[in-house]
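As written, the chains take the letters A, B, C and D, and residue 1 is the first residue of each chain.
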């Protein structure tokens, strides 16, 4: 009996890159609302997603400092159970309903990469940083308070892919007015057999399911964001034309399930 | 038209974690022959592989410094097109034929991880080092010559998983006497939908296909190998009971195809 | 006019590995009180420090997540202005006064290394992790509350040098009862000129000066600590014989000055 | 008796960031000749070095893959005894003699950083890559042959600081026609005591001494080089105005000594 959610499977199940759910997560988040070229969004959408014509190219760029755990205090092994993440969500439509779609996402941990691929997040490796809030007062503490400034950055292969800064102005009463669309992904596993490399083994539109979603301490403020052009990467085609508000908040949820919206191979 | 071999797929195809084949590789390799507990091998084999009762637990532990490229001199971008790898191959049988099987493998690059998963290599991230040979003579040059000593190590999450050392004794006339088994893998992609997490979406026994395989400058010598026990990992169960010879050589091949030996879901 | 605190000095002063003070810091800290072999402490003390015979080998092992800044919100560039640190403090005496002395310390950032060497901290590079507290409630959040468990680890060159775990029991009313000794270091800069390599250019006993020191949210609890033997390192000679309490807290201070207690070359 | 060349000093001397000489090195090197703004060079020179008016801003940008060892086959511990380096050498004059001076240098290893600071190299941490030559023939092998292309890059804090490419054209008969100037550095150790931070403890002009210098397999060819502007760094002020030839070669030497040309504090 080999155990594990993702490879390698072993009799003991310790080595598997991702263990079976539940996966519990808590994070500090920085997100910047912005508008990009709607055609650039349209060009990235998978089959069965359509442009949201009311969105005018609206997107969010996120940075996250994550801690995760299973059911046995795995978080006391922080070298394995922390990771950092950055991604972009673009607005789209699925069967007439407004959704987000994730075309680019970067993490610094292989367990996060394995879980993400199984859900449909197209994760690659990156180096991600965001300014943190510390409890001990200091010019270095970045408290959650009006006027505080936070920065964040994403790099891969030693090239800067995204830089953001926000300055807190006030608290958001109801975060559901900001983050109100479900997130869709493309779950995709390729075929290497010669002559069939254009026919993936798995190609599904999926919907992220989050148990016990909690969002706390939501602050809004002014924002800056740049997505510079880098050779060997395409994300700069989603660079901002106009920038909205920045947000800083805490978020937690658990993952035990995934919804398949559409099998693109059927 | 979205392009790329593995996610993310984009109109330009630059961002994909792995581009479509051909994939050309060249490497420096260090390998140590050893014997482990045959029961530990048996416990790791996937469906449709059987124990090779003639092997008595024979295995090889490999360390590789890789450079790879597509058809357009991508190797001139070495921050993306080099990686290091370490893996173990255990001896087994498929339908009565002697084969190798790869239960553990580590790399330091996400393109290597994406290509590996598509083939069936259960790759995780690790930090890999091996002593290199340099052309300029020095006590630091480690020439390919009798008496030269080479070391290698594998770590993940800041823990040492494998350490090896070899001392060159002489050249191997015909490397086919050493490396003469085809390599099989388990191509596996999990399901996250609740209630179906024990039924993977893809579960195949595969055979590695290598075009234009070339092995050069093969040296043999005495060897040391340790695979210490590390919390959160299972590889130490394949620790050596007896150690054979060590090898140091160059190897190149190209990948354009994969053979599916068996669909474990059928 | 070349600017900068440490090399490289440049006309603009941006490139210097450490800029001129003030240096403002805030951090989350985990510390474990323990007792080691008093002879191992004695063997590490520099000239002009003596064994504290009342200490019986008392030491503290610390893990810190730092954010730092100058006077211009440099903390909004978190890829440069965050680092992680782990060190051991052993108890000793200077001219009859009880002090701490720092024989081993590891960081993951070169600005921290440059500032540390200028103060007398014998910093090397390491990979450091500690469990973090997150605001959004979850099994992954590790709140500051009785029963919460935290872990921490230090690695260098892919080898685990220290692992610690604590479980919070209660709050500490007055942290001065715990952390009440000033910290001394050996500021040392070697000579490479042949024949003079045993006579350093700088060799001073120094005292750390911290402006506006603030310690907040101090929790104590039970603790585990291991300092395993690693080839090429000597720190395991300070391994614990007996373990006291663990602590988790926030700390902030600024650095603008250093006190030279003794010039060992005079 | 505490041992070690640089901190930390210990009774056993294993932990010291750099051990006592001899230090033996061998490397693969890529270097690009170029001309930058002579005023930018002049602005970086330390006291006692003068502009070389015959040079017209000539400089070399180097990338190196190093292996090093002491006298006991330390190179069999490659996780500790390999590193990568990138630096720029600018042409200058010392007392009327033509010399090189090193204003910027990056490495990925703390032993290299400690040794470098003791010599006068103003090392910071960076991530360095160069295309390697492999023995096994392949499109990925980059042989030493006319037409072969090599690339190299330097990044720090996730930002690309330098990118170079060369294409080999032919072999160089006598490398002394290319690399014929001794290299000078500024050995500098700062003071943190308040009120004296403008008076370093050590400030010397030094000359690199290399025993048994060997340069082999020198190829020249066409070259590209870019040093983009990055916030928080000053090196782009030495960006190329004109690019000369590129070189690829092997180099080895040992270090046991350093020459002090001038004490800037005297």
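FYI, contacts are C-beta pairs under 8 Å (C-beta built on N, C-alpha and C of every residue); 3 or more make two chains touch, one makes a residue touch a chain.
Keep in mind it's a predicted model, so treat the numbers as computed, not measured.
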{"item": "Components of the interchain contact network lacking chain B", "value": "one piece"}
{"item": "Remotest chain, chain C as reference, centres from CA atoms", "value": "B"}
{"item": "Chain A on chain D, rotation in degrees - Cα superposition, rounded to nearest 5", "value": "180"}
{"item": "Euclidean distance of C-alpha centroids - chain B vs chain C, Å", "value": "40"}
{"item": "CA centroid of chain B to CA centroid of chain D, Å", "value": "34"}
{"item": "Sequence positions of chain B contacting 2 or more other chains", "value": "77, 79, 127, 129, 153, 155, 157-159"}
{"item": "Chain D to chain B touching residues, read off their complex", "value": "24-28, 65, 67-69, 71, 73, 75-79, 81-82, 127, 129-132, 134-142, 149-153, 155, 165, 212, 214-217, 250-254"}
{"item": "For the chain D and chain A complex, residues of the former touching the latter", "value": "127, 129, 153-155, 157-160"}
{"item": "Residue ranges of chain C in contact with chain D within the complex", "value": "2, 5-15, 17-18, 20-21, 43-44, 46, 77, 79-80, 103-105, 109-110, 113, 117-119, 122-125, 157-159, 186, 188-194, 197, 201-202, 231-235, 237, 255-260"}
